[in-house]
């Protein structure tokens, strides 16, 4: 029994700090939002004069009454009940908005990241194992140039080429053709719901509408992963451990597995970071393709100075990212047990 | 000739981490400027930890290390300066013991500037003299560490230690990384310095013959403890501890095979 | 947003064997000139560009949506502003923001990295604070850079100083983490022991040995920070929270040009996009040349 | 696993020795190298690391290649093993292992294993795969030599650990390299290299990080297992004493060339090259430990051999 506990202690310990991180993050968001200059109540009332009672009621409603400590406690209490307040701008529940928008973005992010990971693995091995090949040089160059062409440039170019010139892609508006009805909500994930509703027309339209945004994300983000994976893969191949594996007579498959397992951890970390970024931050692609996701919500909230909505948005994005980082850490520690807490590796 | 330099280990224990392993486990040892001590033991026997405490880079978890009766861990800046002037180290790793971005001259001169408060010109003169004494061209000192050979770099490491003319020279695996053709020359230099300046020596190495050459007293460490401590001849010819016997035996047999070592 | 925090935050495990080549004696050849020339040209355009453009970049000068022609080399946008003049005039705004951001983030990152790296292992309150700061640097990764930028600029208003401040907040943690990793590596090097034996005081030791040997990756990375800053500035402009129009700025221009592009009028968005990509490329080429071997 | 005294026959068949006498392994020449040259292109022009290296090895024979840093010993042997960087320019009159021409082997990013040849390197810590257990690493090799089922492979792995003197097999099999002591790691490495039953083991400085006691133990282990299975050993080392004790023949290299080749047990009497004599003299022994001064090499050494004639102790100190 105690052996079982000891063997699993490493990820349990990592899991245990997750709530601590969430808590710290919530506190930071609380203070960040309160650092914003100006009086949110005054700016929201649009210059209308308010009676002191109205003013106090508005403050109360926004969670701004009482001392800063009281405010913080109330704030944390509401988060505990998963209540993120209601939007200053239109009074809708932020939690409800998040519940419909997060799946939209998550779907996009999961598709883009899965594709990116597959492309990265394939390109990584090709580039490293065939360094002289012209295609491999071109790919390596593309990976090195990671980020020089930002996603909004790519997006605009893609829409121009594939929509206005070639007419291959549908108009960059929304998730599906505007003449179609939305799928019945079962899981909250639109594509999944469409698949479950067996409405082939809707599903087809959705897939059509997804191709360009996903491609733009992959082309913009995959090179970051590639660059890192190529670097760690060639490092791992050059390791003495690889040479000894070959020298002692392990099978080529085993040699390949050994190399990959040693190369992966740093790329997995980057994968997690980019994935976290996409969950909250496919802002530009959502804007370009008018997808009603998280990023679009944040842009709207900033435009309306809606600090409650932003606060909720930040909390959700942060929480999701922290969970993603937890999963990433556990995967890394599975791949490389030396990174588990409490493991000391003597040097030399 | 000059002030004494005595380092006294009293029941020193050094353990790492919470319940981690104990590198040095109850060592009492006295070294001073009159003795040339060789410390041998296999890797992981606690030699390097002992050295680090001897030169004040690390401190015991229990027990004390005292220099001239004063605990090194509790020294005031002035006392520490006197201690550094008296006890200097030639470290193991020649590649990382010099800052890759600074010239060798800078490294050798620095102890004089800081510990003796000399200005650059005066220090440079002393550095050149020391380098010449070690058979090094002072011009070489203007290079960066990776621009000279391993053997030359190790001589610069010795120059850095000797430039303040310590009363006690500590060498930690100082020749292990060198080719045999170079080792002899470096060992000769160390031995001669100690003899001519009446300085003490603590020579730590896993190589028994090299250690025995420079030392007249041998200390054998095994698993963090001192298992043998005595005059060189006694340890080599009448070893008491089983580990010492295997160690000496290993060398003697190698010699036998070549038909050149007397019993 | 494309080039953002994760791109920069890759403290390579075990510093690459990079001997101290940054010193003198670097040979200049055609390749070196090729690497430095674009960045130099960029700076020249940024300084003299606004004064030599054919049309005032903030004013309506012709009919809207004119394709490129002899009078308007890059055409005009949907409001009738000259795309060429605006693209050139944007250079100074975008470059200035990016330069300042890269400088602030790098200096702050080096200071924080040194502070954290040197004190992390300590006991007592200093060590506790350093460890807290270190965790904060890690946690700062949890929020997308573009979102933080969006929130900060959205709340504090868009001007060159506020953009620089916001982007510096976003980009400093990566630099700090990078330096921290290097400091931890340097702390294990034997030459620090040697310096201690030479009687060096802690502060001098940091100055003489730790700083020069650990700041390098952050300097090399500064050109990538520069690229990120350009891209983020433009991204914020694209989202409508960047420098207020009609200030010439590439991101805003691309945002204005995007609907035109969807309607087949490609020029208003294409040229600023090319300018953007070229400047990021130019700077990363410069960075590779200045701070890496060969 | 039973210890066979002959080279694994199935493995031998794939590289049928053309024209080799149908004799026992003892007379079989398994490695034949003549005129091996290794060059590297450097900014300062081509650099010749190995210049006309020749060596021939019979089955079960043990040969040492001795030299100091920069002598080309490691380059020569790694060229034979197939582990040189693809950038190295390798040429030879003959380079054959069990009748198979090694020169024609294509060299890619990943080195190719030469069937029947195993290599151990100096540092077990970096040689062993840090993220896999010792058991999995052993199984990966053993599964290719007949133990196809996991249970068989496990049993064979435990057996090999016992052969290299590690008796706590359950713990060692489940451990990862960093959880073992230095000596244990070294033994695991030997087990891994030899459990594929190679015809030739190339050992590159296998003991130079160890003290005399451990070095001897390890060499005795290698020799005893190699003898049992008829494996030839090519030992690369800077330790001339160790080489002469554990091998049949010793080859001395200097500056990329072979300067001496003698039977190991009579090297001291037969050595003719001044460099070999100097090297033999320089080795610190318990005998020279009693001397006043160690003999040093004149100009024969490598780049480090600066003249010792004027070398004294520091004459001018700082404090005067």
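For the reader, a short list of remarks on this structure follows.
Letters A, B, C and D mark the chains in the order given here, with residues in each chain numbered from 1 onward.
By definition in this document, contacts are C-beta pairs under 8 Å (C-beta built on N, C-alpha and C of every residue); 3 or more make two chains touch, one makes a residue touch a chain.
Since the model is a prediction, treat every value here as computed from it, not as a measurement.
Common neighbours of chain B and chain C, by the contact definition above: there are none. Set against the Cα centre of chain A, the chain with the most distant centre is B.
The mean-CA centres of chain A and chain C are about 22 angstrom from one another, to the nearest whole unit. Centroid to centroid, with C-alpha atoms defining each point, chain A and chain B lie 55 Å apart. A straight line joining the Cα centres of chain B and chain D is 32 Å long. Chain centres here are Cα averages; for chain A and chain D they lie 51 Å apart. Chain-to-chain contact here is organised cyclically: the chains close a single ring, every chain touching exactly two others. Listed by chain label, the pairs that touch are A-C, A-D, B-C, B-D. Contacts from chain B toward chain D in the complex involve residues 40-44, 112, 116, 118, 123, 126, 129-130, 132-136, 149-152, 159, 162-165, 178-185, 187-189, 191-193, 196-197, 206-210, 212-213, 232, 236, 246-248, 250-255, 257-262.
Those residues of chain D whose C-beta lies close enough to touch chain A in the complex are 81, 83, 108-113, 117-121, 123, 125-132, 137, 140-141, 143-145, 176, 178, 189, 192-193, 195-196, 198. Within the complex formed with chain C, the chain A residues making contact are 21, 24-25, 32, 36-37, 145-153, 155-157, 159-160, 163-165, 171-172, 220-221, 224, 228, 231, 266, 270, 273-274, 276-277, 280-281, 283-284, 287-288, 295, 298-299, 302-303, 305, 307, 310, 313-314, 317-318, 321-322, 325, 347. Those residues of chain D lying in contact with chain B across their complex are 68-69, 181-182, 209-216, 238, 240-242, 244-245, 265, 267-268, 278-280, 282-291, 293-297, 300-308, 310-319. Within the complex, the chain C residues that touch chain B are 19-20, 22-23, 189-191, 193-200, 208-209, 212-213.
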